[in-house]
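One structure is given below, represented as structure tokens, and several questions about it will come after.
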Amino acid sequence: MSYLLRRIGFYLFTAWAAITINFFIPRAIPGDPVQSMVNRAQGQIDSNAIHSLYVLFGMDTDQSIFSQYFEYLGQLLRGDLGLSFTFFPTPVSEVLGDSLPWTIALVGLTTIVSFVLGTGLGVLVGWRRGGWADLVLPVTTFLSSIPYFWLGLIAITLFAGDGGAFPSSGGYDPGVTPSFTWDFISSAVLHSVLPAVTILITSMSGWIMSMRNMMVTVSQEDYITVAHAKGLSERRVMVSYAARNALLPNVSGFAMSLGLIVGGTLLMEIVFSYPGVGYELFQALGAKDYPLMQGIFLVITLSVLVANLLADVAYLALDPRTRREG
Amino acid sequence: MSEPVLEIKNLSVDYGMGPDAVQAVRDVSLTLHRGEVLGLAGESGSGKSTLAYGMTRLLPPPGVVSGGEVVYHPQDGAPVDILGLNRPQLRKLRWSEISIVFQGAMNSLNPVHKVVTQLCDVIKAHDKRSTPASRRARAAELMKLVGINTDRLDSYPHQLSGGMRQRVMIAMALALEPSVVIMDEPTTALDVVMQRQILTQLAELRERLGFAVLFITHDLSLLVELSDRIAIMYGGRIVEEANARQLYREPLHPYSLGLLKSFPALRGERRELTGIPGSPPDLRAMPSGCAFHPRCPRAFEPCADRDPVLAAPEDKTRSVACWLHVPGAGRTAENSTSSTTARS
Amino acid sequence: MAVPAADVAAAVPVEEPAGKRRQAFRFLATGKAITGLVIIGVLVVLSVIGEWIAPYDPSARSSDLLEGPSGRHWLGTTHLGQDILSQLLVGTRSVMVVGLVSGLVATILAVVIGVTSGYLSGLGGEGLSAVSNVFLVIPALPLIVIIASIVPEVSTLGIALIIGCTSWAWGARVLRAQTLSLRRRDYVEAARATGESTWRIIGVEILPNLTAVIASSFVGTVIFAVLSEITLAFIGVSGGAEWNWGTILFWAQSQQALDQGAWWWFVPAGLAIAILGTSLSLVNFGIDEFVNPRLRTGGRMRAGFTPVVRGGDR
């Protein structure tokens, strides 16, 4: 248990670090971004909201940096991330509340599916070398070198648009309203197929590769020879002895690279105009909507931390050695 | 002597194929009889482990068995050549007839499964009618057999000491009551006290269960105590084979003598420890003639040119591959035996 | 503090320490690595001479609007009549510069932080390791995007520095694990016992044994940096007027090249990225196989059933 507690402690520390980075970044923006935003809003913004923006951006220079920092933290704790300018006058927290579920569904699910499929294929490729398995490596190397968004563009050209089977943009048909109805769910699923498959194709190869390498490494361990000597079935040796052990470093690698993967995958939303956080980040960039950018960065980081914690729990369940020693 | 249970006939094992192949075991013949302990000794690189892994076909790539036969004689039924079996047949024979205790107790157990799981999966694989309860009962019985408390069944390997792990491996090896147990340096990684305990226990178990043991080690004096017969390997060949007492009292091959002088005897009179000068031969560039001649203190003129054949010198109970014991091979052959005896 | 360091060590074992240090770059001498290096070499040459061999000025407009590949424009033109081949050739430089500069910056940071945190025991080491873990967990790409969009008038070099300063954590982590395991080796212990200075031990005993791992983390960062730069350019956050492969894709996307069937506008740039990425990956495989010899034993034979070839060539 102490292992898990230490991990939680570390994630809290990281969350604090991310919040602090978020506190300092806007202070590097030259000029007075708030004023320009307020000007653009043409007086439709009340003074409370302006104050909260000043806290976010550190423009209340009459205070010391420490009291600025604590006021900022307090504001975050109340869930006040300022007002978005792209979606004026909606608060950032509300904008994020609308888009986060889409991202969690698309990016979260595809990341897990990609890990599971990639690891499974890696087991096979690593176990039976030769034949078709040898072809997998060059193909996956090539696919993993393509930027996600480019493959997305190609996918749209080939499978969407006029006469294509899939919609090229959006999260659901404009005609339906988000609700738990068959119409909406089927439309949402149809819209997510193309981005999901594209993400899968490019992100899976990394897992295939690393699992394959771990299988090759593990299959030369003594306990594998023992398993063969015991006359166990090939399947049992492969799954319960080789793959079960090779999985451990792959899971901890999964936890470590979540930040990288999620970052890349988010951009897929831009190509498909998918109504998630990634696409919103893109819109915020264009509009110089700093409060939204900050909020998105925070929300992405926190989601990745939670996902990391889940991966740690999985590791804990898989490796008896961590369970004891902590 | 009782009937044979495992016969190795002219076995050769290579690493690699084609012109780059390196022959690690050359034309080895060896017979293990029912219920006996056959010791196999040699320095590291002599091919003794390759022999054990090769005959059970567990040698990892690039190992290839390049010739010979390994005949197993079941208690009842016709003898089978292990090298001719297909995968399912081989899988069936493994562990139920021939089990192995490996070198390196630390890495022989799967770190992510409980001890009981690893004891049970081998029973399950060979006895489809067993139930989870019967398997667990058998696992508990096995743990008791090797003197480990049954509450250790649910431990993971990393929670056990090195000695305990090796005992679990021995328990596992006996799970299906095989006729042959191959032991490859089973105690090398353990301290002397633990080594002694395990060997004593092994002797008792063998008495009780009657399996035959092929015991592989570089420690010849250990074998002298433990085994009925001893074979000495050098450069991938058997260079001497005799019963343990004979070999200890009167080693015929100069290499056997050298090995005996490399380890302190566990009991009995003291010997001077001298070791063997030089290092084991490079398998890729074997010396001409007798492989041992560059290191042999008693090499003479045929040794560098011609390979001596493993043959019985005067009586039928032992054999040696050395020109010293081939009558008329050279001028010094006559007084060789007496001088060797005198020194030991 | 982190995920068990042993896992990283198991995935990337250290090469044989003593004796073999002479041939420090032996790890590049595998078939895969050489193939990768040759392709990278060609691209490096192109990045230098691209400006001169480009048939047109990449920004110059002409009357050949949105034309497919032809004898005049091998890779076709944009909606303004700009020559895409020229854009690709000229854009190579920016891609290579960002890859090289961020790779160097990140690798230097990774070596300094990773090796120091692995070598120092106690709080200093733990603290540095915590810092690199924080940077590892925080999603780098969104952070890079935000920083790059805030910095005004960011140049190619500026982008390279931002990427380099945010992407060293992975390398630092691997290097720390390696240093930790090296530190316990006999010859390092021996050097410490004889009173050699810390810097000498790190420079002479430790760093030379990390060359392969350092090279691998350099190559990994270059891949990440190139993809990041192109992504930045693609979403419109990029260094001013300078061409790179991502800018081509940005214009292709914003002018709806897809809908107009102008495949020549975005296919070549994507392929160029894929080729660069693949060749860098090849170099990394070569290093992996060197570092972890178990990966080299390929072939069709499987463990557990030694083949029997009786009466073969004997």
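The letters A, B and C name the chains in turn, as written, and every chain counts its residues from 1.
Operating definition for what follows: contacts are C-beta pairs under 8 Å (C-beta built on N, C-alpha and C of every residue); 3 or more make two chains touch, one makes a residue touch a chain.
The chain list, named the UniProt way, goes like this: A, C = Peptide/nickel transport system permease protein; B = Peptide/nickel transport system ATP-binding protein.
What you see is a predicted model; the values in this text were computed from it and never measured.
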Between B-C and A-C, the pair with more C-beta contacts: A-C
Chain whose averaged C-alpha position falls nearest the assembly-wide average: C
Chain A and chain B, separation of their C-alpha mean positions in angstrom: 55
Rounded Å distance, chain A centre to chain C centre (Cα mean): 21
Gap in Å, rounded to a whole number, between the CA centres of chain C and chain B: 50
Interface hub residues of chain B, defined as touching at least two other chains: 53, 58, 60, 87, 90
Numbers and ranges of chain A residues touching at least 2 other chains: 220, 225, 228, 234, 248
Numbers and ranges of chain C residues touching at least 2 other chains: 297, 299, 302-305
Chain C-touching residues of chain A, taken from the complex the two chains share: 6, 10-11, 13-14, 17-18, 21, 25-26, 28-30, 127-131, 134, 141-142, 144-147, 149-151, 153-154, 156-157, 161, 210, 213-214, 216-217, 219-220, 224-225, 228, 234, 237, 248-249, 252-253, 255-260, 262-264, 266-267, 270-271, 281-282, 285-286, 288, 290, 293-294, 296-297, 300-301, 304-305, 308, 312, 315, 322
Partner chain C, residues of chain B touching it in the complex: 12, 17-18, 21, 53-54, 57-68, 83-84, 87, 90
Chain A residues touching chain B - in the complex, by the definition given at the top: 220-223, 225-234, 236, 240-241, 244-245, 248, 318-321, 324
Residue ranges of chain B in contact with chain A within the complex: 53, 56, 58, 60, 87, 90-96, 99-100, 102-104, 107-114, 121-122, 125-126, 156, 158-159, 169, 172
Contact set on chain C toward chain B in their complex: 297, 299, 301-314
